[in-house]
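Both complexes shown next keep chain A, but they swap its partner, so chain B is in the first and chain C is in the second.
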Partner chain A sequence: MGGHRPGWLSAWVSWATVLYLLLPITIILPVSLTDQRFLSLPYEALSLQHYARLLTTPAWTDAIGQSALIASASTLVAVVLGTACAIGCWRLSRRSTELVRALMLLPIIIPSIAYAVGLYRYFARLGLLDSFTGVVVAHGVTGIPYVVITVSTALAAFDPRLESAARGMGATLAQTLRWVILPRIMPGIVSGAIFAFIHSWDELVVVLFIASRRVFTLPRKIWDGINENLDPAMAAVAVLLVGMTVLLLLLDLALRRQRAD
Partner chain B sequence: MRPAGRHALGWWGLILPAFLLMTAFYVAPILQVLAISFTEPQPGLGNYERLLTSESVQRVIGTTLRIGVVTTAIALLLGYALAYRIALSGPRAQRWWLLAVLVPLWISVLVRAFAWVTLLRRQGLVNQGLMAAGAIEQPLALVWNEFGIVVGMVHYMVPYAVLPMLSAMREIDPRVLAAARGLGAGRAGAFLRVFLPLSLPGVIAAGVLVFIFSLGFYITPAILGGGKTLMAAEWIKLQILDLIRWGLGAMLATVLVVAILATLAVFSRLVNLRRLFGAGG
Partner chain C sequence: MSGRAGHALSLQGLSKRYGSFVAVQDASLEVGSGRFLTLLGPSGSGKTTILMMIAGFVEPSEGRVLLDGRDITAVPPERREFGMVFQGYALFPHMTVAENVAFPLRVRRLGRAERDARVRATLDLVQLDQFADRRPSQLSGGQQQRVALARALVFDPALLLLDEPLSALDKKLRAELQDELKALHRRVGRTFINVTHDQEEALSLSDEIAILNAGRLVQVGAPSALYERPATRFVAGFLGRSNFVEGEAERDAGGIVLRRGGTRVLGVGEAPPGPALLSLRPEKITVLAEGEGEENVVEGRIAAWSYLGAGYAITVATADLGELKVHLPAWRIPLVPAEGMPVRLGWPRGAAVAVAEDPA
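Showing the complex of A and B:
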C-alpha cells in the first residue's frame, strides 16, 4: 500500500493471532490418531482404531446420516426461497423490499437461544417437536439469510438492462429467470447453498430444544460426548468435520475466483 | 426502470414464500417468547421486576456484559493487527491470510470448543507440556472458568472482528498514506494520524458485531465454563429446560433480543452484514 509496510509489532501480533486461530484446530488430528484409549497424543504408534470405531458404531453413523439428510433438505428450502426472495427484492428495490431484506437477516442477528425457546413452545402446539420436518423447517428458515446475502451480492454485479431486454422481447418471468438471471448468479447461489449447508450441519442450540430421541443429529452426539465421556472417537469425528468444512470452503473460494476472472 | 402495477406482481410473488415462511416459523416463535415473558406465571410485569430485585438475574447480566466487553476488546485488538497486516499485503499473500481467517470462521463451534477442552483441561496437552518442561508443578486451572470462556470466545470472534475492519481498510486510498510519508510522517505517525482514524468506522462495526454475538453465545461458554460461570444464554436454558420457569427464561431472552436490536439500530449505518459475508473473495 503506497510503500507503507506494517511494522514489527503488527507483524508479530498477526502471526501470533493466526497461530492462535489455527493451532488448536490442528491439534485434534494427532489426538485422533492416538493408540491410547483416552484423549492424548499418540504414545508409541499412530492408530486408525478410533476412525474404525466411529464408522462401525451405529450411534455415530446414524447421527451422521441424519445430519446429512437434514442439512440437505434444509439447504434446499433455504436456497429456493432465499434465491427467489433476493431476486424479487433486487428487481423491485424500494423501501419495502429493503425492509424485507432486513427481516431475512434477523436469524443471523438474534441469538439462537431466543429462537429455540420460542420454537419449543410453538412446535409443541403444532406437534412438530422431535420430528424431521420440524428440524428441517427450523434449519431452512435460519439458513435463508446466508443465501439472501450471497445471492444479493451476486445480483449487485448483474446488469439489470439484460433483464429488461429479455422482458422487452417478450420473455415471461419464468423464462427470464431460467435463461437470463439464474445462470448469471449461479456462483452466488452455490456459495449460499454451501453456507446454508454448513449452518444446518453444525446447528446445535435449536436441536437441543426441539429434538430428543427420534431426531438425533451429529452435533447432539458430539455435545453429549463432550459432556459425558471425552474419548478419542470425538477427535476423529472432529477431524472429519473440519475436513469437510475446509473442502466446502475451498470449493467456494474456487467458485468466487472463477466469478472474478 | 422499476416494475410497477401488474408487472410488479410477479416479482412480489417471488418474495412471498420466503416472507411467509419467515413470518410463520421465525417471527411468530420469537413473538411467542415476548408473550410468555408477560403472561407466565401470571400476567403482568412480574418477570421484569426481577431485573431490579433478583440478585441472580443481576449477576447473570453482569457476567454476560463483563465477558462480552473483555472478549470484544481482545478480539478487536488481535483482529485489528491481523486486518492491518492483510490489508497491506500483496494479492497473493492476502489470499492465504484470508484463508487463515475464513477456515476457523466456518469450522464447527463444537469442534473448536472440544479442541480447547483437549488442550486446556487438567490432564490436557498444555498442562502436560508445561509440567514435562518443569515450568509448573501443579496443573493450572485453564478451563471450566472465566479464563477458559474468554479464550474460546475470542477464538470464535476474531474472524468476525477481522472481516468488517478489513473491508473498511481496503477502502482507504493507499495514496493518502504515501502522501503522509512523503510529507515527512514516520511509520508510526502515518499509522496513528492517517490510517487509524480512517479505519475507525470498521473498528466500530466490528466491535458492535462481536459484542452482540457474545451476548447471546451459548455453546462455547456452556462447554468451557463447565456450568460454574453462567452467561445469559445458558441461564435461559437452565430456567426453561431444567427449572421449568418459562416466564423468567423468556424475560431474559426478550431482554437479550431487545438489547441486541437496539444496539444494532444505534449503529445501523456502520454495520453492514451483507458486506461481512460477501468479503470472502
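Showing the complex of A and C:
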C-alpha cells in the first residue's frame, strides 16, 4: 500500500549528491556558450565565440600548452618513480617496505597547502621557484601515490610463479621485468599515468605558491582571470579542463573494460 | 632434440627448515642419467620443497645438490639450465603459445630463424603445431599442460622438473597424458624428475620412485621393487593397499614366521625376534576351494563384500588375524559371496612381507 521501497532514502541522497557534484558543471557549460561579453547565461543565442577566442589568444593557448607539457612531464616522473617504488616494495615485501609504501601515499594525505608551503621554502633555496622544472618536480612527486596505488594493485594480482618460471628458463631480472612483469602490470601503470596526468592538469594550490610569472598553468590562468576580470572565456576554459579530465577517466574505464574481456 | 644425453643428479643430505619447522630432513638421492624419477608422497610431505631446492628457488638449510658430480648448490636458478613445469603450469597469459615456447630461446638471444625452427619442432613434438597462435586461456587444461612441457623442453635442458604436472586434469585425460609423458621421456632421453601424490601415476610412469613421508625419504627403488618389498608400514599402505598382521617373529630358513594367537603366518624378509609386522596385499590372497591347499591357510567368515565389475572386494573376519581385505578377479572366485559365509583364505609365503614400523 504505497509503502516505500527499502533504500528509498539512500536513493534520494545519492541522486542529490550526484546533482550537487554536477551542478557547477551544468552552470559553466551554458555560461561558456553565452553571446555576451561578460560572465552570464546566454541572452539571445548560443555562441562559440569564447571558445574561438580561447584557441586564438596567445595568452590562453600558451597556458594550455604549458599545462599539457607540465602534466606530461610530471606524469613521466610519477610513472617512472611510482612504478619503480611499487615493484621494489613488492619484490622485497618485508615489513619495512609496507612503511615505504605508506610513506609514498603522504602527498595524498597531507593537505596540499601544507605541502605547498614546505615546497616553497625548499624550492627557494634550490632556485626552483617559478621554473618549469620546479613545477614538474612538484607535480611529479605528488603524482607518485596514484601510480604506487594502481601498480601495487596490479602487482597484487600478479602470479609470482610467472616470475619464477621466467627465472627458471634463464631470464635475468631485467629480462623478466621487461617481458613478463611490465606487460602484466601495464594496465595498472596506464591507470596510474592517467590519474597522475589529471592530478597535474587541474592542480592549483602548489602552482600558486611556487610559480609566479614565467610558469602559467591553465588553472592558474583561470584563477588570475577570475580575480582580475569576468571574462566568459574562463567558463570555456573550465569546460575544457573538465572535458579533458572526463575524457581521460572514460579512457581509463574503456581500457579496464577491454582488459576484463 | 639433439643427441645430448641426460644428466645425473645427486642430492646429499638435503634439509630445509622454516623456523623450527622441518619441511625436508636429510634427503639423499641419486638419479641416473636419462632416468625418470618420481617423488611420491602425501600433500605436505616436502615434495615441492625438494624440487625447488633442485631447481634453485629454495636454498637448502643443509646439504648439497650435485649435477654430474659438480656442486651446484650455490648456482642461482636462472643459471642452472633446468626445464621446469610448475604446478598450475605458470604459462605467460599475455603471450601466444609460440611466444611462450620461444621465451627460453629469446632469453638466450637465439637468432630468429633458429628460434622459429626450434619452436615449431617442439610444438610438433607435443602435437600442438595447430595452436601456435592461440593464447593459453584459449586452450584446454591438457593442451596448456603440453605447452608447459614444450616450453620446458625447447632449450634442451639438462634436467626436466615436473611439479604435479597432471593433477589439474580430469581422470581420463590424466591417463592419456600419462602415456604421452612416458613416450615423451623415451623420445627425448632426458632425465625427468616428477612430483606427484598419485601412486598410480608414480607406478606407471617412473623408472624409480622415492617415497616421502613428513619430510623424510622413506624408500627409493623401482616401482615393482617398492610394491613387492615395501620397507615400512607407510610405504606398504601408501603405494597400493595392504593388510597388516602384527605378531611375534621367529626366524626360520625361508624368512620369518609370525605368531599371533594360535596362527602361524609364514613370510619373507628380515625381522629380529620379537614384535613384528607383515604386509599382505589384498590381491595376493585367494579364496580356496574345497580340498585346495596353500603355504598359509586361514579360516574366517565374510564380513562384507562388494562387486567391482572386474572382481570382488571381500572383507573376511578371522579369529586370530582380525579382518583381512581380499581382492579377487571374478573368474578366480569359487563361490558366490554372501555375508556370514565361511571361507578358507590362502596365500603363498612370498605374499607376506616383513615391514618396519615408521619412526614417529
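We adopt the following convention: the second predicted complex is superposed on the first by the 254 of 261 C-alpha atoms of A that agree within 3 Å, B and C clash if a C-alpha of one lies under 4 Å from a C-alpha of the other, contacts with A are read in each partner's own complex, and residues count from 1 in each chain.
Criterion: a contact is a pair of C-beta atoms (placed from the backbone, for glycine too) under 8 Å apart; a residue touches a chain by one contact, two chains touch by 3 or more.
Source: prediction; values computed, not measured.
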Could you tell me whether chain B and chain C fit or clash when both sit on chain A in the superposition?
fit
Regarding the shared-chain residue A:W179, is it in contact with chain B (first), chain C (second), both, or neither?
second
Look at A:D159 in the shared chain and tell me whether it touches chain B only, chain C only, both, or neither; answer first, second, both or neither.
second
Could you say whether A:A171 touches chain B, chain C, both of them, or neither, answering first, second, both or neither?
second
In the overlaid three-chain picture, which partner chain does A:P187 touch, first (chain B) or second (chain C), both, or neither?
neither
Partner contacting more residues of chain A (chain B vs chain C)
B
For A:W223, decide between first (touching chain B), second (touching chain C), both and neither.
first
Which partner does A:G143 reach: the first (chain B), the second (chain C), both, or neither?
neither
Rounded to whole Å, what minimum CA distance do you find between chain B and chain C in the overlaid structures?
7
Quick check on my understanding: which residues of chain A belong to both its chain B contact set and its chain C contact set?
164
Chain B contacts chain A in the complex at 1-3, 8, 10-15, 17-19, 21-22, 25-33, 36, 77-79, 81-82, 84-88, 97, 99-104, 106-119, 125, 155, 158-159, 172, 174-178, 181, 187-188, 190-191, 195, 212, 215-219, 223, 232-233, 236-237, 240-241, 246, 249-250, 253-254, 256-257, 260-261, 264, 273-274, 277-278, 280-281
Spell out the residues on chain A that touch chain C in their complex, using ranges where they run on.
159, 161-162, 164-172, 175, 179-180, 183-184
Residues of chain C touching chain A in the complex:
55, 57, 76-79, 81-84, 86-88, 90, 92-94, 103-104, 106-108, 151-152, 155
Chain A to chain B touching residues, read off their complex
1-7, 9-11, 13-14, 16-18, 20-22, 24-25, 27-28, 31, 39, 41, 77, 80-82, 84-85, 87-89, 91-94, 97, 100, 103-115, 117-122, 137-138, 140-142, 144, 146, 148-150, 152-153, 164, 173, 195, 198, 201-202, 204-205, 208-209, 219, 222-223, 226-227, 230, 234-235, 238, 241-242, 245-246, 248-249, 252-253, 256-257, 259-260
